[in-house]
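Following this line, the structures themselves.
Both complexes below contain subunit A, partnered by subunit B and then by subunit C.
Let's look at the complex of A and B:
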């Protein structure tokens, strides 16, 4: 049970951090500082250059050498890390704006925990904002796919005959095309250049279209077996209308499958969003997405020289691992219940 | 015989329906390729109209669907709008390069996974099993892109392997042996990435179904009779766990063209992957949908072969 609590706690924490990206990140993800491309991650000190101890952690400003490629710390001034400081304004949720950041340093100083990218943008902030785009897309697309899948699956299972045939043939078709190719095929039918908001909605729609078939088939199976249960037949005998039976006795049976599918689909869809954006087919510059950030690693000099550009990959793997742990937890639980 | 015909009919039906779906997707993006040309001031509107005429975009959808299915049957998959050649000729060349990579990788993957999975299942709970379970769940959480990028990083840092491409520039002048060595050198890195991606799920499936077989009453009875070792594995455990593995092998057949797409893109292996991405970015819809059709054929064929094999080996399926 403690392991279950740890996994669920980690997932809740990760999502809170990602959804509150504006508050948790010290900078705006699109603000460029062209004088500081590919600056390494800031070192947070408690001992200054003379070896004196300071209670408040601090950073030094980074200065580049004549070539502009090698950075060193300027130890003449300390910039203490401040909590809950005022900085660049951001929108926390639609309608809620703020300029309070969880941490930051005073102006000429800069705290780039994961370094900066080629335009001098703060990678830490971009990872959080990018994860917000990727994870929200994954969650919404899962919701979309499960809604469509459950609706069609219930329909197919409940009114068998021609409706059932049509829906299940359609599901066959969507499951006959390999996953990545289906994603590409649907993407190919949509306009190439979109603004960020439209691109985001398009991604959610594409993933929803691609993913509805498997859940709908599973839901149909459950609805079919639920229809034969004695209590459903009893309710029919008492004269309950079909819609009441559906709502009260049949649909609740499918919740288990829907939840398991959600656990499987969310990481898969997050990865799909990352894949499309990585290939330049999803959310593009200047907005951050984990995929487009990973895309910069396709340039060999970035890949070979700037290890901190792998930060989005670490974020991605962390989220994926948390979801995988949740799914295997679910499996174990199901096995315990079964035995 | 009826079973065979039934499965065959089902496969053909699915293929026809998929072709309708892909064609509907072509229709959804009507002539966008030429719409982009209209923006170009150097190309007159009559030129665009002639091009549309030549590409048959002014016919009714039904005629075009029939023309398209005919071209699929010929193996052309329509004409690439960007390259002005049949899509088929583009696809076959790239598919050959992809298969050159994926067929050996899939074979190696199964040759390693079967004995290793069985061994892990027989020695369940040992430290080797625990190490493997941890390693495989880590690898499963690593996306293809990241595996490829990390291997590429190793290659860049060590300089042991060439990065990108299939042959070195000027390889045409070399003799056959040297060319082969060059090819193997270039293929090694994407091959490793592919193995790392394909292997863990297959081993997990082999292990899981072998464990299920070991716990089955038939195998426990055989053990009670003193049957053990090699005989137990090959005669009792393997046949019992064969069914899900045959289905999985059918899916491996689909992965021959779809499993390596991202690895090819990252490592610039001139297979289907880079072609797909180029075509997507150039709005060359026919190539993308032709490739999807090709991939679907592999998946449907794989499933069909798996079903037929199951029919041949499992009497329960036959009744």
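Let's look at the complex of A and C:
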């Protein structure tokens, strides 16, 4: 049970961090600091250059050499890490704006925990904001796929006959669609000036629409077997109307499958969003998403020289692992209940 | 890592068949050799070069793509050559030439005793045949446009077995330069194919080596599709060093096909290739930092002749159904709008971030790398958002409460910059511009699209707002830029397909470019071209951004490696390269 608590705690923590990206990150993810491209992660010290101990952790400012490529710490001034400081304004939720950040340092010091990218933008802030885009896309696409999948699967299982055949053949077709190429085609047909929100919604819609087929098949199977149960036939015998039977006896049977599917689909769709953004089909610059951030690793020099640019990959693995752990937890729970 | 690299290198090299190299032919009596350079090198060795793609053809008459031309350049000889280091013309297959007083006739004396790489002698008939082929409309040679002067093809006549006369319809400045890189074709091998109309299909990389011949330092030896193309020494090459040792020094030239710049750099870094044609600043810095850097000689040659720029769609859209783009054109056609954009762009930032400091900001079309032609009096106004806002304000623009820029009709100023998805650098420039223009309240979106789709939008459909492109980098002479600045030019990107100049300043540029084309005095040409540069800088049809430095490298024991800022950057003097014996000190 402690494992379950740990997994659920980790997931809740991750989502809180992502949801409160504006608060948790020290900088605006799109602000460029052009004097600091590809600066390495800031080192947080408690001992200064002379070996003296300081209670408040601090950072030193980074200065680059003449070529602009090699950074070193300027130990002449300390910049203590402050909690709940004022910084760039952000929107926490629609309608709620703030400029209070969980941590930060006074200018001209900078605390880039995961370093900076080629435009001098803070990678830590971008990972949080990027994860918000990627995870939200995953969640919304899953919701969309499950709603459509459950509705069509129930319909097919309950009505059988011609309706069943049409829905299931459609599911086959959807499963066979090479959706990556479909997306390329859809993007090419749309106007160039697609704003960030529209691009995001398009991504979610395409992922959701393509992803309904598998859950719908599973739901159909459950509905078919549920229909044959004695208590369902008894209810029918007592003259219960079909909608009542569906709501009261059949649909509740599918909840387990739907939840397991959700656990599987969310990380899968997050990865799909990452793939698409990696290929330049997702949200555009200057907005961040985990995929578009990983896209810069396609360049050999970034791959070879700046290890901190792998930060979005670490974030992605963490989120996906947490979801997979949750799914296996669900399986174990189901097995326990069954036995 | 190093071990794996050397194993890989060993595998690559062991796959190349080892056969005895063809020795240079002994110098014949009466053979008029071109003696070059005091440096006495030594014969032998194999030079490996990684190419981004496979050459499509080895036929000089139909080659268009850069990779094919790079290979063909090593297999062909021209009459008059542009020295890539001095940027001046020098004798090649023509040992000398005279110009008539009116500047319309050139008489070229050809070198005697020269033989093609198959041993067949070369004379004036080969020159006549070459020009007939290059000027043939059916073949669509990329050299054809160059050979039209004053609206008429240049006329080439035989005067004697070793002499030809070239007549032009009008005097033409720098006429000698048109002969550069036009490879002379062997009439004895291609005349029949030309008569049959099958010439354009001849000489693919897969052609039997013995049926291809040229006058360059190398000839075809072997081609393995998808992997490599091997050239061997042309034993009859017409150049020798001061000690009368026949060039080229290096026995074989191997071109490997790699795919992209990153793969080229990795091969070079691992020692699998000996020369790095041209690298981006990021990859170059990576090599500089490489702990094995002693194995390379790396050179930063300073600004290239290329210019990168932002431009707006000023095309005539009356026949296109693009109401949205047409609506946004009322900003783009406004000179004050373009000036404000130019003032707000952080060019220094582009040079620093995109080129990692290995590039320079630009305010005009002629880069500082082109010392002969740059107008040094052009102003270089520094970035000023306040100035840019003042320009917009006087032009009637205003700002909303949230800082968004509105035009006179209270419309939000928003547009898209389309860039090529395969060019990370130009997309980076656009992203920096996006942030710069946000400070003016403009909502700019950057859309990287597939390169061919981008070309289709810019050249055909005109369905775009703005884009970032790069041009130039060929010849230093302004004549190479005619197709960009002439209002009817095929690269007049901002407004294509003009039957007559759309604006008075474009008309003036047309006039000036025509005048410099026929002016024979170099100072007069410079004065005219300076004026062209001034008009372009004032009118800002292109908003110039920056030019990258030319960054190249070679194995440290490669001697005579003298890269140039003109294309081809590294292999222009391939005939003089040689490998220093091990143990002797390096340094150029």
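By definition in this document, the second predicted complex is superposed on the first by the 322 of 339 C-alpha atoms of A that agree within 3 Å, B and C clash if a C-alpha of one lies under 4 Å from a C-alpha of the other, contacts with A are read in each partner's own complex, and residues count from 1 in each chain.
The definition used in the following text is that a residue touches a chain if its C-beta (ideal position, glycine included) is under 8 Å from a C-beta of that chain, and two chains touch if they have at least 3 such contacts.
Predicted, not measured: the structure shown is a model, and the values here were computed from it.
In the superposed model, A:182 lies in contact with subunit B only, and not with subunit C.
When the two complexes are overlaid on their common chain A, residue A:334 makes contact with neither subunit B nor subunit C.
Taking subunit B and subunit C in turn and counting the residues of subunit A each one touches, the greater count comes from B.
When the two structures are aligned on the shared chain, A:169 is found in touch with subunit B, with no touch to subunit C.
Of the two partner chains placed by superposition, subunit B and subunit C are both touched by A:304.
Shared-chain residue A:284: touches subunit C; no touch with subunit B. Contacts of A:12 after superposition: neither subunit B nor subunit C is touched. When the two complexes are overlaid on their common chain A, residue A:34 makes contact with subunit C while staying clear of subunit B.
Applying the stated contact rule after C-alpha superposition, one finds that A:234 touches neither subunit B nor subunit C.
After overlaying the two complexes on the shared chain, residue contacts for A:324 are found with subunit B alone; subunit C is out of touch.
The residues of subunit A shared by its contacts with subunit B and with subunit C are 188, 191-192, 280, 300, 304. Against subunit A, in their complex, subunit B makes its touches with residues 13-15, 17-18, 21-22, 25-26, 28-29, 32, 137-138, 140-143, 145-146, 149, 152-153, 156-157, 163, 254-255, 257-258, 261-262, 265-266, 276-277, 279-281, 283, 285, 288-289, 291-292, 295-296, 298-300.
Here subunit C touches subunit A in the complex through residues 262, 265-266, 280, 282-283, 285-286, 289, 324, 346, 349, 352-353, 356-357, 414-416, 418, 421, 424, 427-428, 431-432, 434-435, 445-449, 453, 457, 463-465, going by the rule given at the top. Remark: subunit A residues 169-170, 172-174, 176-182, 184-192, 271, 274-275, 278-281, 294, 297-298, 300, 303-304, 313, 316-317, 320-321, 324, 328 touch subunit B in the complex.
Subunit A contributes residues 30, 32, 34, 37, 67-69, 118-120, 188, 191-195, 280, 284-286, 299-302, 304-305 to its touches with subunit C in the complex.
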